[in-house]
């Protein structure tokens, strides 16, 4: 695994899940493999769980970590090749990347989509420039299209909760929100579950909110929560904005807030969410505070997933 | 000691003072007790001494520390139970706390009062929610009503400066300022000195600036600096805004800026301040630069007080 | 070496260059000399390379580092003696410095010039107050007049690139920019190269952009790029604003953007820049992407230069 920026970088998802759960059982299993190695964590956007869990994962492996909030402690990066930089961007990624690559053994980076320029977002300009110019493994901490560290955590949480003797029925359920959110988490979840191929994935969202079908091949697409939820073993609740009419919030018909009534349709499903969640907007108190909720367990597993990934990436460092 | 969020959490103040001074004498006395333990320091407000001294204290004990500026690197937390989160807050403390509790062995947090909503400030919503939901010891780095790490430092500084064979006369003296400040430091100082009961505490402030009497029981309250300062051994200078007409700055009569003339009334008193201090507004150059000033010693003692507290809290970690 | 704030603090530049290149050859040469020592890095302004490379250098020496963004995580410092602090500054450097000096074994600090008040900038108020009041070695991370860590890196990069059997011809070439920049990097480069006295320094800039001659004594001053570039071995490209009409951008005649045509005048010169560089404004893609560019090597050497300096400063700590 040269980089960890999407499911495409991973050849054996089950191996990564096993490693995640092995680190959970013993966080220092391989505690010295990162000794003398340095991880740079670059943030262009806010982060809590990803920021903290990745630092902890690196420390558990014996690595040194340096966090750099590019947006606040640095300056704006230019991503366009050939740009005449007479505007607001101060440094080109072509110059920053090789320097960062000389400082760090692995570079993690978070950058959110514009939700305005779909092509630019789909091009993953920052991630790809880092891959091209930094010369070290790149770790996505969520990018303009996907959030693979979250997806690995999600699959590990499903795997440790379900016996996996039967294929669980997993529903990715769109939820209401007050503003346009990225499609990264649902894109990535769909990509990982379908590639994993150990669960049946049903995606339910209002008309106008279908995800980019690049990520959803192999999943069943529905536009009605009731049909989707029937016999569900897991319900992954998440809001996202429209992909077709990019970044907008088309009018929604019907009630998409998961409640106890809808939960009765499920197979006593476990409810997942990547957090942060807006209570009583995306998901109700009654469900978040019920024993069906896996959200804390999911977030807590972020450490072990990051540790599994870093452990693999360390093999590519000099 | 399950938490360290006010004097109420402490059964034996003298023991904590002894530990503080023992760490000052030998910072590595118990240098391995924090090995493999992780401290999260969450800031919702600015901090210099508390931020740095607590990091150093943790490192001296062998702990790993992760600093997270929630206000700048994260997002706004919701504290109200049952809130419909369709406004500006992004994550409920009920969801954040257990996740943070799974990441850290001890959580330190700083949050300032609103100075607008007295009941909310008195309720210590954030500190109490963390205690309730995080499942790990909570360390106050100053909250909406008190600043116990500062108070422990203050008492240790008095104890190492005075022989303590006699009860020192300690004056908490209100000082002018240009804007409304929290009552946390004076509340906390009064609470600790009176609970400690090894010094006589006189509080002097203008009419309208009396502190919440919850914190000042056992102290003598005066509204005139001259009477208060007579024979003082220590003068703790500090501004605060009104508690009764909450967060306002009632008109002040008389001159409350400590000067050399007033100092003559004292028993060659040592002058204390928690810093930052506005020179020549709260306290004059002549006093701050005199040998009577303890302010640097106080601030420097912050490290050892934090180390004493962390050392106790570590006993509660798994 | 008591401090590292300008070339004046250094008695033997060649020794520092040798140490820089020795650490490059073996970053752990003296890996335990910083054990138990603590470096505080204080930022009043943004930084990427300096911030990260100095943290890494300290870690390589076994030191603990604490980064504190005074401007964002703290508050405004007052630098004027005797100030009545009823404005926006919250803490006087006279109070902050001894506290920081009690927390850290070495203090690094970055502060930019105002470019408005030339006398204040020339006085290096913050650096000098830290030297006076902190009681520990002060390390400049770029100040209001100079950037000595950058200059040491620059000389080490020249020394490792040139055989140094002949004196290289080094041209400091002014370049266009979109806004007024400090003179720190060119001041410092001129000061170091002339003190070093192992290279011929030619400074070329438009009329009105002459640097403070305090820094340029011993260099040849030209106002025309062609004459300057003839037979150059190194071209150090950098923008700066006017010193005489302080902080302004006087009208420029002629074309000062280094291009391949101008490069033909040189002795196949190596091109240097401290980064960040605005591509196609200060320096063209064709030159930055050519084998003549040393910019990544320069930035990468920042780690070893910082390590050499910290290693010397550690000798002054208790």
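Letters A, B and C mark the chains as written, and numbering starts fresh at 1 in each.
Quick note on the criterion: contacts are C-beta pairs under 8 Å (C-beta built on N, C-alpha and C of every residue); 3 or more make two chains touch, one makes a residue touch a chain.
This one's a predicted model, so the numbers in the text were calculated from it and none came from an experiment.
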| item | value |
| --- | --- |
| Same-site or different-site touching of chain B by its copy chain C, using the half cut | different |
| Turning angle required so that chain A lies on chain B, C-alpha fit (0 to 180°, nearest 5) | 120 |
| Chain B and chain C, separation of their C-alpha mean positions in angstrom | 39 |
| Contacts with 2+ other chains: residues of chain A | 72 |
| Of chain A, residues touching chain B in the complex | 43, 46-49, 51-53, 55-56, 59, 69, 72, 178, 275-281, 285, 288-289, 295-296, 299-300, 303 |
| Residues of chain A defined as touching chain C within the complex | 38, 40, 64, 66, 68, 70, 72-75, 78, 82-87, 90-92, 94-96, 98-100, 102-103 |
